[in-house]
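What follows is a set of structures for review.
Both complexes shown next keep subunit A, but they swap its partner, so subunit B is in the first and subunit C is in the second.
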Partner chain A sequence: MRSENGTLTPRGRLARREWTTAALLAPAYSWLTLAVFLPLGAMLFFSFLKAAPFGARPLQFTFDNYLAFVRRPYLIDVAWTSIQIGLWTTGLCALVGLPAAIALARATRGRSQQVLFLLIVLPFWTNGLVRVFSWTMVLREGGVLDYALHLVAPSAPSVALLYSFPAIIIGLVHAYLPYMILTCYLSAAAIDDAYIEAARSLGARTPMIFAKIVLPLSLPGLISGAILIFVPVIGSFMEPRILGGRVGVTMGTVIEDQFVQAFNWPLGAALSFTMLAVVLIIFGVSSRALSARFGAQ
Partner chain B sequence: MIRVEAASIDKSYSGVRVLNQVSASFQPGRLTSLLGPSGSGKTTLLRVIGGFVAPDYGEIRFDGENVTAVPLWRRNVGMVFQSYALFPHMTVQENVAFGLHRHGVRGEAARKEAARALEMVRLTGLERRKPKELSGGQQQRVALARAIVTNPRVLLLDEPLSALDRRLRQEMQIELRHIQRESGLTTIFVTHDQEEALTLSDAVAILDHGKIVQEGRPEAIYERPRTRFAASFLGDANFFSGRVTGGGVEIAGGVVRTNDRLPAIGASATVAVRPEKMKICGAQAAASENSDENRLLAVVREIIYAGAVSTILLESADGSPIKILTQNRETSPAFPGDSVALAWSSTHSIIIEN
Partner chain C sequence: MIALGRTYLLATIAFLYLPIAVMVAMAFNDSALYTLPIEPSLRWFASLAVNAPLQLATRNSLLIASATSVIATAVGAMAALALERKRFRGRSLLRLLLLPPIAIPWLIVGTAMLVFFFWTGIGRGIHALLIGHVALAIPYVVLIVGAGLQTLRADLEEAAMSLGSTPIHAFFSITLPPLLPSVLAAALFAFAVSLDQFVISYFLSTPGVSTLPVEIYSSIRKGFTPEINAISTIFLGVSSALVLVFAQLSHLGGKRDSR
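So, the complex of A and B:
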């Protein structure tokens, strides 16, 4: 839209900016549509079928798959196990990750900070299966942990954590801790030193400064870390299966079984979407509660 | 009201000496400015006094009591930071009440105290706002209220007005002066702005390279600077260097008379003259018989008009630049290219250390 002397009219300029924005966004959103929404849409479609749509069988629609939790009450226990794993893992990551992030952000700099960061990011670069199987070496009876303990205290009873609830949590915390440290680090590093000095000059000692200044200002990082961890953890199946053994029956493993073992794709898809709904409800409720408490942040 | 003293303070950061044997005394209830260029150590001195950093050597005393080892949280100083450092997650009310809570004042009493402080800085009604919902000037006031609400032993201000625009800054200067007088707090104010130091302070201490160059009332420093640095940092000055003779200091183009005590005859000396003390008086080269007056020939190079006043740049016989400041009461006394005589009273010839 050009005026007669060739310059862009304000309206023309606006339209051009919109086009530029659209052009910049297009590749990302087309890829997301293709790679995420299409398969997700297909899964949503499957979840209303009676049987997986393979072969020449006619399509039969049903709502039965979504009644799984009513028909098979043991699934509620399984879901509760998953949520417990999610809460424990997220909680422990917060408990370990937040202090580490604050220490990294506020007490280290330069080369030592880089090295410490590398150590934190290392689990990201390790293959998941390798990581989990290394933990079996450590946690099994007669494993590294057991051996080390008996070197120190020969008369101690043997520790066999493998195939237990704690083993699953240990594996998951190891895998997901970096998320928590990185998100909390970003929040903690943004805290101005002058806030701390101001609080101290007003009579606050270190514990009070932590409770009233550092913790509240790190909260955005803590919350995003919690979301980043909780969601994948309650759907995880590798750690529960390998480190949990018979204990490790979670929604993740049940859903995986439906796809890989039972070949009941519709049920697996329906369970996935049910879990998704539960997660969304949990975050809807908690984000509302949090924004009421820490509104203007 | 507390007398604050710094005695022989040394402070180095990674081998660089920031404060070098600094001693200063801050009068009770007065506002003292620490004035100096960046890197002069003024902020470090303020932080040492407040207890934000420990000195390597020396003592800080409040009313004679040595507080050097008293930790920041117990020293009870009010600090206004350059960035204000308001707690972003707290409301104005919570920010101001924070210090009260730490001093054991709670509930209704704390609310009242906070309200009184906010009234003092004229922010009543904004208690529920968050810092980011306030303008720069308002944030500045909250920071001030937060610093004075606990009735600190000393109020410290670290270039608090530097982030404000010129108009707001002048307004805040007047208000700050008012609040300081009202509260009667011994106040130390760090600034690099000479005009601010002159308008605000009961006393000024000029720092350079980690040392206090001169301290005293603003007019005392302005009228009788002791060093070249003090003369040029607080205000403007023309410098004339030469040899001491019987009647004054002999420079290219004449002898400068002064009422100051002269160094030994034959020694080299420098005279400083403030630009507004010099005036243009026609083109007569001959000094009148009036022995109080100095005369110097110069050529006008440029006239910078600024409404009420003009700055006239000239060049003396030996080519050194001279700057004078005239009030534009009448038409311009000279034009570029004119040869003129400059006149000033010998009381305004200040002998300074080199």
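So, the complex of A and C:
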């Protein structure tokens, strides 16, 4: 120890250690402060202003921006559309993803399990924009879906799903399904084989084992997957714009408009914070529910 | 039941890959209107060679991703070291502060950056994009390098120091070598996060200075041309390759097969 050869007293060593810790942490957290925390603070400040304080405009505080939902009833419709999109997307991801995750965890093993796992998570690290764009090729009139349908049934009417509510949902489910499979897989893979063997030796059949053991024990993954999907989907704006066209007016696109087109930054900021509050409430409630679940086990 | 499960799994994977395959196939289709059946052609890739705005955006994207990777890895690895190896008050709070950049929707973070950067005079452009991308990548780097540090023994470093090594020498000769795969994985991940980032770039770019995803988005909104398919195909290839290398480095496929 360095204190033994007398160069540093224990107290000095402690001070030096603290200094090292601070020096290691400072760059990362200063950067996050400059780029994330101060901006969020600035936006909160803006949300209480009557107009953005550029030029020589005086600061005028108001709470009006948060009353937007009362003053502009169309926003309630928009919010409802966003929530519907969130519910449909999350529900369909759960419906499709949970069985896939259980199949991956219980019906495959070894090398093929690794490869399949990688195949499922790979697309969600490729560009989301490119994936949404891909769907326009499939869903448009005269697109691949239309073409395939007419190969099978030449007299069928043409299908043009692009620029519709279902198109938005399909694109979002495609974008977020890997999250759901990932979180459910982690739960399903952690189930102890002994439970299943015990149930089987006691005479339980496969559907019973599925309903009484595999499904309940995969639920935590389902819940965290649902949160991971619902939160960003409510805030999505690129998918509704590209796949929804004129139908795709969501909270995300309205907020984007305030910053890019209408330049009503205070209103945009207030809408963002309203959405953030909803997100935080969802996180708070679900983490409490989750910890209660885990606490009981 | 097992066979049914496997069939279902393959169907799900087909759903994930089919539209992407269609998009790639259309990049090689001669028709400007995406008419089927496909007539093979490389003309859309050839026309990329004379598309100056797209090339500029690609250069910006690569530049920002490289710089983000270097800065976020250095800064994030330092923070990971402190968070994993030092005991101090407020450690759990600092860990918690890593979550907002990951958990808050990008739309909100992006617009907040726009407001703040505009207000303070930082403005928009390459430097603003870099500040934003590094901030997004730091939490991931801390998590990845932190996970790597957890698998290493802390006492080896202390042993080296008790034998007379300086802390810095002990770090570079004892801790760093086995940590390198995690650091490399974190660097790659940061690169991928930056390369794929669209929402924040969208709010921080200017008409003259944008990144590839922003340029692709504005082309899509102007109208579909197979040129977008061609550049998307190249883009897709690059980011898939990055993820595969990352998976190799970090053993992403779950538990390693020890049977």
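Basically, the second predicted complex is superposed on the first by the 243 of 297 C-alpha atoms of A that agree within 3 Å, B and C clash if a C-alpha of one lies under 4 Å from a C-alpha of the other, contacts with A are read in each partner's own complex, and residues count from 1 in each chain.
Criterion: contacts are C-beta pairs under 8 Å (C-beta built on N, C-alpha and C of every residue); 3 or more make two chains touch, one makes a residue touch a chain.
Treat the numbers as computed from the prediction; the structure is a model and nothing was measured.
Q: Subunit B versus subunit C on the shared subunit A, clash or fit?
A: Result for subunit B and subunit C: fit.
Q: Per the contact definition in the header, classify A:Y176: touching subunit B only (first), subunit C only (second), both, or neither.
A: It touches nothing on subunit B or subunit C.
Q: More subunit A residues touched by subunit B or by subunit C?
A: Partner touching more subunit A residues in the overlay: C.
Q: Which partner does A:Y163 contact after superposing on A: first (subunit B), second (subunit C), both, neither?
A: Neither partner.
Q: In the superposed arrangement, which partner chain does A:L24 touch: subunit B (first), subunit C (second), both, or neither?
A: Touch status of A:L24: second partner only.
Q: Check the residue A:L202 against both partner chains and state whether it touches subunit B (first), subunit C (second), both, or neither.
A: first
Q: State the minimum pairwise Cα distance, in Å, between subunit B and subunit C in the overlaid complexes.
A: In the combined three-chain model, subunit B comes within 13 Å of subunit C at the C-alpha level.
Q: Which residues form the common part of the subunit A surface touched by subunit B and by subunit C?
A: Touching subunit B in the first complex and subunit C in the second, no residue of subunit A appears in both lists.
Q: Note which residues of subunit B are touching subunit A in the complex, please.
A: Residues in contact with subunit A: 50-52, 72-79, 81, 83, 85-89, 98-99, 102-103, 130, 132-133, 146, 150.
Q: Residue numbers of subunit A touching subunit B in their complex, please.
A: It comes out as residues 192, 194-195, 197-205, 208, 212-213, 216-217, 294, 296-297.
Q: Touching subunit C in the complex: which residues of subunit A?
A: Per the touch definition, subunit A meets subunit C at residues 1-2, 17-18, 20-21, 24-25, 27-29, 31-32, 34-40, 42-43, 46, 53-54, 96-97, 99-100, 102-104, 106-108, 110-111, 113-123, 125-131, 133-138, 140, 142-144, 147, 174, 177-178, 181, 189, 206, 231-232, 234-238, 241-242, 252, 255-256, 259-260, 265, 268-269, 272-273, 275-276, 279, 283.
Q: Quick check: in the complex, which residue numbers of subunit C touch subunit A?
A: The touching residues are 1-2, 5-6, 8-9, 12-13, 15-20, 22-23, 26, 34-36, 74-76, 78-79, 81-83, 86, 88, 94, 97-98, 100-101, 103-109, 111-117, 119-120, 131-132, 134-135, 138-139, 142, 161-162, 167, 192, 195-196, 198-199, 203, 213, 216-217, 220-221, 224, 228-229, 232, 235-236, 239-240, 242-244, 247, 252-254, 257, 259.
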